[in-house]
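Some structures are shown below for you to check.
Note that chain A is present in both complexes that follow, paired respectively with chain B and with chain C.
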Partner chain A sequence: MTTYYSEDHEWINVESGVGTVGITDYAQNALGDIVFVEVPEVGDELAKGDEVAVVESVKAASEIYSPVTGEITAVNEDLEDNASLVNSSAGGDGWFFKISISDDSELEGLMDADGYKTFTAGLE
Partner chain B sequence: MMNNQGRPTGIDGTTETSNAGYETYTGNRGLAQVEGLIYEIGDTQRTGVDLPEVEEFESCIGGVTRDNEIGLAGLTEPEAMRHYTRLSRKNYAIDLGLYPLGSCTMKHNPRLNEKVARLPGVADIHPLQPISTVQGALDLIDTLAHWLKTLTGMPAVAMSPKAGAHGELCGLMAIRSALEAKGDARSIVLAPESAHGTNPATAALCGYKVKPIPATEDGRVDLDAMKEALGPDVAAIMVTNPNTCGLFEREIIEIADAVHAIGGYFYCDGANFNAIVGKVRPGDLGVDAMHINLHKTFSTPHGGGGPGAGPVVLSEALAPYAPIPYVVMGEEDFDMVEHDTTGKSFGRMTAFHGQMGMFTRALAYMMSHGADGLARVAEDSVLNANYVLASLKDIMSASFEGPCMHEALFDDRFLKDTGVSTLDFSKAMIDEGYHPMTMYFPLVVHGAMLIEPTESESKQSVDQFIGMMRYLVEKAKAGDTGRFTGAPYNAPLKRLDETGAARNPVLRWTAAE
Partner chain C sequence: MSVENSDLLKTPLYSLHESLGGKMVPFAGYLMPVQYPLGVMGEHNHTREKAGLFDVSHMGQVVISGENADQWLETLVPGNIIDLKQNRIRYTMFTDDNGGILDDLMITRRENDIFMVVNAGCKAEDIAHMRATMPDHLELTELNDRALVALQGPLAAEVLARFTSGADEMDFMSYGEVEICGAKCFISRCGYTGEDGHEISILAANAEEVCNALLGEPEVEAIGLGARDSLRLEAGLCLYGHDITTKTSPIEGALQWSIGKRRREQGGFPGADKILGQLASGDIARKRVGILPAGRAPAREGTEILDAGDNVIGVITSGGFGPTFGAPIAMGYVDLKYSAAETPIFLQVRKKKLEAKVANMPFVAQNYYRKPK
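Here is the complex of A and B:
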């Protein structure tokens, strides 16, 4: 099981061809209190970079882009009633969706934990 | 305690605490009166009107006749007057003070506009009156259209859209119709990060896929990234100019040329036209469609003060697809074209011709200023914004180098390690008697504070605003954190739980048990 990070502040946790995707703790912290999350539907087919979800916080509404190409296999329905899960557990219970990864090579363009840490340090 | 104009804020010998200390029976604080919801203060036993007794009647609405009381709250006439007057006194308005909402252009609504708009010949007419009886009104619409076309250097204008976003929709529908007429329906619209937030929403509503274009380090459209995103499937690019960072897109002509080269159209969001009116003609920049917010550039009421109006100027290529109805000059008099005979118009956006009251006010503003006066409007709005920028950039953090256009953008770097956020800072401005500036937008900078003083403000007024901002910045940097994190203290309602309101909205009032 390996976790990758995108420059759009998403994480994707890959296990046997399926990636679980959420936003990073850095992202939830920057967004502030999250009040609404719109997740995709199971079966949606997405290309890397497609808009896949929307996060609304008290500050802004932001689009979430799919870090890989693939098909949605599950979504986190708990977020519908409790968007604050993203604030309290961005890397855990606040996950957004699971996606079956069509092309493993797309993961190569993403960062590992250390790379992401350096990336966000550069944003400060 | 003295205020900055040297006037005492309390009686000598008393302290601020003792002034504010006593509880009151009513909860009112002098003229700061507490006011409940109309359902809380009213009841079904009171009324302000005498209605005749209902006589015997026969219902013709079948089985849906209401058989119980509605329970609407009633008030006497003086109570109803007081209710709304008290509520209005809790409101902030351009008639109460400087309204620095960047990107929103809250400027003075000249009283001359109001006087003209109340003339019976334009105020007391109806859209369904015979055309022969409203020739003056049609002449007014035609004259306003002429001014808009002249100021923008564009050959056509659709007058009916009723707001900025409605105008965007009109422009994109014209673009869509033009492409479809060529058998070249496309699927992508480019929208830079520095564009207005409504741009991508409009494109999505029109069925387009939105591709964002990143901003450069200096807050403008990244031309290289934009060129890379262009292709045969791109229908249009939507650029706001000046953009929401308050900056002029210097490479605007190159942007227009590039999108035209691939057969796409250039939509310009004209919301910030007030910064360039009389100085730049968008038609000369290669614009195909642009909406003009009469409620911004041309001073008609904005933000709850009145309906918007967003006429859209169109290029030669898009003009045939303009919506109906529109005013034309016939052989002897004006006529309103209500039915499309060319088969090209994309249809109708509104039932009638548009926002007549706003047309009247906007034309009054234009004619009272004249062409030279309108150019001065642009100069003064840019001057005031730069005065704010220059007076605050030593203690706040300006997001971009160099001068700005009509609005000054700061970010929250100056608040680093103070424990004060952009939100807290804005709330403290309420205690100082100001409506906060736009915050957290645009998204391209962190903790944005976007200030647009507009040309309405005198130097004295802007100086007072700057003095207030400097005072608050110094307090924040001096560690007076509580002043901010608990603010507002002086507002009718204190810090509200905005997160709770969004997560668990209470949308229906119920009586207390």
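Here is the complex of A and C:
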């Protein structure tokens, strides 16, 4: 199981060709108190970079883009009533969706944990 | 962001915001704190429960002096200024010849002059607009040397009274000149959060000291523009440039309460024919209303409002999540026939058509001070 990170502040945790996707702790901290997450529907087919979800904080809406091409296989239903899970557990219970990965080579363009740490340090 | 931070103005409290960890963003030409480490939700709730201190120094503070300044001002605003008593404050607006709103503002009659507070984004235009017709014998002074802060919340007046006794006994919408920490201040019992409290005008040189003293009280936290916006939306208050503009009349904007009886009878302000015509006939195409989305998804400014048949019947002008209300809330304009409370409407939020209904405002009861009789 390997976790990759995108420059759009998503993480994707890959296991047996399926990626679980959420936003990073850095992202939830920047967005502030999250009040609503619009997740995709199971069966949605997405290309890498497509808008796949929307995160609403008190002050603004932010789009989330799919880090890979594939089909949605599951979404986190718990976010419907408890969007603040993204604040309290961005890398865990606050996951957004699972996606079957069509092209493993797309993962190569993503960062590992150390790379992402360096990337966010450069944003400060 | 196309605006370079170096082009932006700073208020006299800029370094205080930085030391408090404020997240500074461009707003109306100024670098302002959108939030502090407490966060928008925490700051909003703190203001509803205790007391919050807001920097609103970006707003314009203007004094008009000279004989019969009130009579001349009435040629620009529909509010009753001539009958405004000394040390009383009135909410009104500059209107244009088409009946649109150029800005909304607070006017205070002081002992020897008139003090007004206008919106940051409009202040240059407002001043040019006033100078264009102002008689030579009147004098207009922009108080660029003063900061303006708002202390708001159910405990705000009690806190302020520790620094200047009697502040908590002032009437709602009244004005006084006091000393706080040795600094001469103008205090006005008003605000824009729906809560009790004061706006405090302080010489820039004293602003940080006064604010630090207020922030030193255990009930007070610094609050950013993010929470100011969610607080005023819950209170049903308009944000100029969004909920009211040159394209909306005071009647469409549901602000007819601010036009006094004598002004309704006599007119004499820009756009009076149109505005008073709308008031008399009730004949307006659209009206500002409160809107409650049915689910958890907030509907933001610009969201189209639809009827059951997918016809566009309006647009949201302010929308978000109400932390105290505990659900998404919005305001916007709808065709008059859909403007009654409880009318079912639909909101086009991204690809989804969401159920909603028209609702009475405020969403959270206003908590203004009423002096015991």
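Points worth noting:
Definition applied: the second predicted complex is superposed on the first by the 124 of 124 C-alpha atoms of A that agree within 3 Å, B and C clash if a C-alpha of one lies under 4 Å from a C-alpha of the other, contacts with A are read in each partner's own complex, and residues count from 1 in each chain.
FYI, contacts are C-beta pairs under 8 Å (C-beta built on N, C-alpha and C of every residue); 3 or more make two chains touch, one makes a residue touch a chain.
All values reported here derive from a predicted model rather than from experimental measurement.
Overlay on chain A: chain B and chain C clash in the combined arrangement.
Legend: residue contacts after superposition of the two complexes on their common chain; A:13 is shown touching neither chain B nor chain C. Using the contact criterion defined above for the overlaid structures, shared-chain residue A:69 touches neither chain B nor chain C, since it reaches no partner. With both structures placed on the common chain, the touch criterion links A:83 to chain B and to chain C. In the superposed model, A:38 lies in contact with chain C only, and not with chain B. By the touch criterion defined above, A:54 reaches chain C but does not reach chain B. Chain A uses residues 33, 35-36, 56, 58-60, 83 to touch chain B in one structure and chain C in the other. Considering their complex, residues 34-35, 39-42, 44, 226-227, 229-230, 296-298, 300, 320-321, 323, 328, 350 of chain C touch chain A.
Of all the residues in chain B, the ones that touch chain A in their complex are 210, 423, 440-441, 443, 446, 498-499, 502-503. Put simply, chain A touches chain C in their complex at residues 32-33, 35-36, 38, 54, 56-61, 80-81, 83.
Residue ranges of chain A in contact with chain B, taken from their complex: 30, 33, 35-36, 51, 56, 58-60, 62, 83-84.
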